[in-house]
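See the structures that follow.
Both of the next two complexes hold chain A, though its partner changes from chain B to chain C.
Then we have the complex of A and B:
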């Protein structure tokens, strides 16, 4: 079966599709979902179904990785799943180690993807059964858990992190209320009915604000966009570094897979959760946000692992883990692969093909990702100010292309100014983005849960999974306080 | 002015801005109307806007108090610290302001002049404002506009604004 997949007529379209995924994922405004959606119709023209499947699966993994490239070099996440990579990856790029950070990113994405697919193959049925036990109550606490990570990632400044998260949730209330249908802060504007789009807000907050900051701090017009150093960091150094952080890779990949398996929780939540977990358990917390290698490894391993995790409920129950998987499922049906509990009995060969394709993709990611890194690195040798102007233009057209609406472009400009102001006041932006993503999940599940229980809050604390999540949350916040108290007592 | 000084010594306006923002949100929350067919157990669409506004206002108050405490303890005024000459700071601020102004003009004018012409003019003007030589600025703008049009306009079939002149793509 492997020999069937490594045929020329399968391999070439597969690699080309993966390069396409790299390109789309690395362009802010073009999402991994868009990359998969665009490749699906092309895949139908392939004579061999394996070729079509390989193209679709290949694009979904590479687009997620590729979002880390502009996140690192330009602090503009190419996809929402890469927002966590901006924190430490960009700091490393400013220190002239962007290439090193991205090589680590590439290998960790590949390893994370391998672990995610490996877990998918081994424990798909068991994990899917667990995921089905999550109801509104559990999802509410999961979203709160994700938001609490925002206080964690804004280390040393919990108050501003929480304020930022609150602002994000508040922004998420704009539009039609999903529970009651009421209009909130729409001011009669049809564009606001669907709320603030996540992508334009993200481009504005991270991209445009960075351009403003760059202009204010730039000492020379001829300075290139990114410092490049002589290549002291060979692949051997990269591998040694990853090996020294092997536990981080493993923990983050497993966490990413589990979170990716939860329907509605995608690679973006997985990346943030892994970052927060790693920072919380690190002996060197203070280095996070300043170029910590673990800060690059954790989210990049998790987000690719989550892609594999999202396939667990998708294949076994036909419930897509995220938007990308939803499109892939649709494509599967066109290939007469019917996801569901009987898939392993009725279509074992197809399932094995899918597993093999997913595994081989993780290895093919390395050369495709390397080509993407080199191409992007070359572009960034241009003068800094030229790159900044190009960033603005791509921000505009990227935001516009989402809904063919200039309103999204206005959002980019507005949030660019907001982002610049907030960061000048030392208010972190990451929790705001998290609040925007998770706010609807928090509100919808809280209110739906209350409707189900007729206003009774007890199930939110007494259901077994909820109780565990509450205890983990309490431990996450109380543990440092208790440990600090114990340390002081011991010293006395 | 270095980035580190921008970060360290904030102006302390955040608390006030947050309180004003929260009050504005509370004011407009009055316009939220339920459609009347909801469930009595649903706390309603106003819960989160009102609750979060109150929390943000409270956070702003804590922020103001924290700034005041630091100010009185350190005995220094909390303000922006100039580490380079005042003129250099002023020039950079003017340039950043002009850049954002140009950017706003670009996006507001785009429906009328179209994407192609708007980007050509805007990108050239921006690069010249950032002291890129005009020949390089023009060449890069032409290349940039071409690449974006080919990519988004032709490959992804995004209907970019053509403006009143109906320029290509």
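Then we have the complex of A and C:
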């Protein structure tokens, strides 16, 4: 079976597709979803179905890693799942250790992917059954848990962080409300009906605001866009660092896989949850947001693991867990693969080759990712003015190409100004992104849950998983208070 | 902020980039409307109002490929999504009526103007050909007590407002389908509680997990669970039984005179010369009758439904009237 895959005519398109995934994922505005959507039609021209599958699966994993490259170097997330890398990864880059952070990132992505795929192979049916127990009530608390993370990512500025998160939630209310079918704040504009697109908002807030800042900054244009590493960080250094955080990698990957397996959550939420979990349980909370290695490792392990996790409901039920797997499932139909409860019995070879492709992809990610981060590192050593223009061009083209809409280009420009203003007022941007992703999740799940229970709130507390989530939340908020009270008593 | 402090180098390069982008984004200037004999005189496009990778997009890409083979000029798919399909449909209606910009119109064209989402109706287009129609079905868990449609209707009558059903957002295709079904079956619109969801896939998960009682969606969307024996389809709201599932009764068989389909078809902007419309329609018919099309539709689980331009127009007229009644009865009308 392995020998079928490790052949020249399979490996070459596979690697090329993965390099393509690196390019798309690393380009702000071009998402993992788009990378997969673009590679699917190409894969149909491959003579051998395994080649096509390898291309599609390869792209879906690489694009998520590649999104961390611009997030780390330029603080512009390449994909929504990379937004958490703008925190500690970028701080490291500012200290001239961007290359080091990204090497750690690459290895952790690969390990996270391996763990995700490993869990997929070993306990997919069990995890899928667990995911079935999640309904609106559980998703509501999951989203609340995510929102509470805005305090974590506010870097010590809680009030401004909350304002930023509130703004994100408010922005997310624009558009057609799926619960009531009513239009909110659309002013009869069809473009606003689907709300503020997450991607254009993100490109504007992070990408364009960065460009504005650099226009207004000191006029030394010959300076290169990123600081280069002063000391060479050897591969041993990278591996030693990861080994010293092995538990973080493991915890984040498992959490990422489980969250990825939930049909109502994906790689973006997995990355944030892992980051928050790591910060909350860390002994050195203060270092987060200032270039903590664990702050790099947690989200990147989780988001690649979540890609593997998203395959669990996709294979077991034939139901996509996120936008990427939705496209992959569509492509599978063309290959006459019918994922669902019967695929494991009726077509085990097919399942095995999908598993094998997914596993090998994690190893191929290392050379492809290395080429990617070296290339981008090299491009970013060009003078700052050249790099910033390229960022702007890609931001605009990316936003436009998303749905061929000029409106999204205006959004990018508008949110560039918003982002610039907010940062000049020292308001952190990460909570705004959280509010934008999780606000609708909180609202829709609360209201849909209440329709199910005819207005009764008790199931939100009495369902077993809900009760556990509520306890975790309460513990997270009360523990510091209680601990400091006990400490005071002890001292007295 | 003083201008002298600005990084002028960046500023200049930026302005040049911005200018060139603006030029690149300008719509192409118009050329003369040709006749059917020399159509297509240049490459064409199919506007898809839904996202890449979805069912409508896959069909649009297949048709673009086939049109290129038949007409000898390249056809590309342009995804213009947003506004529940309103953005893409509107772009398609406003395109130059020379047959070079077609639209892969969908079911929403029949409903969105009644719901105040858009003012567009099918009359803003020249219908070219209907390509596909998937009927709504009512699906329950295999371990549920409802073995037939009669069982389910009996339960709803005895317990109005108790049964929960999901499948789309409120006011979405399958919500309207089940509402129309209830009206025709003599049940109140709110005799079933509609649980909004982001689409049929998440609602099937909810059904499997026991969080809702039934799902309304097309049969292929749930086929892997039905074949595995976890779910059971009770009824399909098609005009006649589906050839792929001959044992599944239609609503009409069960005494409820109702059918509801999510359709897809090609339309051209209003004012496209009739001979060009006829030419594209004939080509579409040829494509739909081909073996490759049947193969593509079977693999995707789509139901083939072919109507030429005139039959498509009649169908759209009927759809408009059918959904007006339902949308007014449900209170979704704006």
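Quick notes on this one:
The definition used in the following text is that the second predicted complex is superposed on the first by the 482 of 492 C-alpha atoms of A that agree within 3 Å, B and C clash if a C-alpha of one lies under 4 Å from a C-alpha of the other, contacts with A are read in each partner's own complex, and residues count from 1 in each chain.
Everything that follows uses one rule, which is that a residue touches a chain if its C-beta (ideal position, glycine included) is under 8 Å from a C-beta of that chain, and two chains touch if they have at least 3 such contacts.
Given the structure is predicted, the values throughout are model-derived calculations rather than measurements.
Using the contact criterion defined above for the overlaid structures, shared-chain residue A:180 touches chain B and also reaches chain C. Legend: residue contacts after superposition of the two complexes on their common chain; A:121 is shown touching neither chain B nor chain C. Once the two complexes are laid over each other on the shared chain, residue contacts for A:327 go to chain C alone; chain B is not touched.
In the superposition on chain A, contact of A:134 is made with chain C only, not with chain B. In the superposition on chain A, contact of A:404 is made with both chain B and chain C.
Residue contacts after overlaying the shared chain place A:339 against chain C, while chain B stays out of touching range.
Of the two partner chains, chain B and chain C are each touched by A:217.
Within the superposed three-chain model, A:389 lies in touch with chain B and with chain C [touch as defined at top].
When the shared chain is aligned, no partner comes close enough to touch A:42: not chain B, not chain C.
In the three-chain superposition model, chain A touches both chain B and chain C at residues 38, 179-181, 183, 211, 215-217, 221, 385-386, 388-389, 392-393, 396-397, 400, 404, 406, 409, 451, 454. Of all residues in chain C, those touching chain A in their complex are 1, 5-11, 13-14, 17-18, 21, 25, 51-55, 58, 61, 78-84, 86-87, 90, 115-118, 164, 169-171, 193, 195-198, 201-202, 204-206, 208-212, 224-225, 227-228, 230, 299-301, 332. Per the touch definition, chain A reaches chain B in the complex via residues 30, 38, 159-160, 162-163, 166-167, 169-170, 173, 177, 179-185, 208, 211-213, 215-217, 221, 382-383, 385-386, 388-390, 392-394, 396-397, 400-401, 404, 406, 409-410, 413, 416-417, 421-427, 439, 443, 446-447, 450-451, 453-455. Those residues of chain A that touch chain C in the shared complex are 33-34, 36-38, 40-41, 131-136, 176, 178-181, 183, 190-194, 197, 211, 214-219, 221, 263-264, 313, 317-320, 323, 326-327, 330-331, 333-334, 336, 338-343, 384-386, 388-389, 392-393, 396-397, 400, 403-406, 409, 444, 448, 451-452, 454. Residue ranges on chain B touching chain A, taken from their complex, read 1-3, 6-7, 10-11, 13-14, 17-18, 25, 28-29, 32-35, 38-45, 47-49, 52-53, 55-56, 59-60, 62-63, 66, 92-93, 95-96, 99-100, 103-104, 106-107, 110-111, 115, 119, 122-123, 126-127, 130-132, 136, 140, 144, 148, 152, 156, 158-161.
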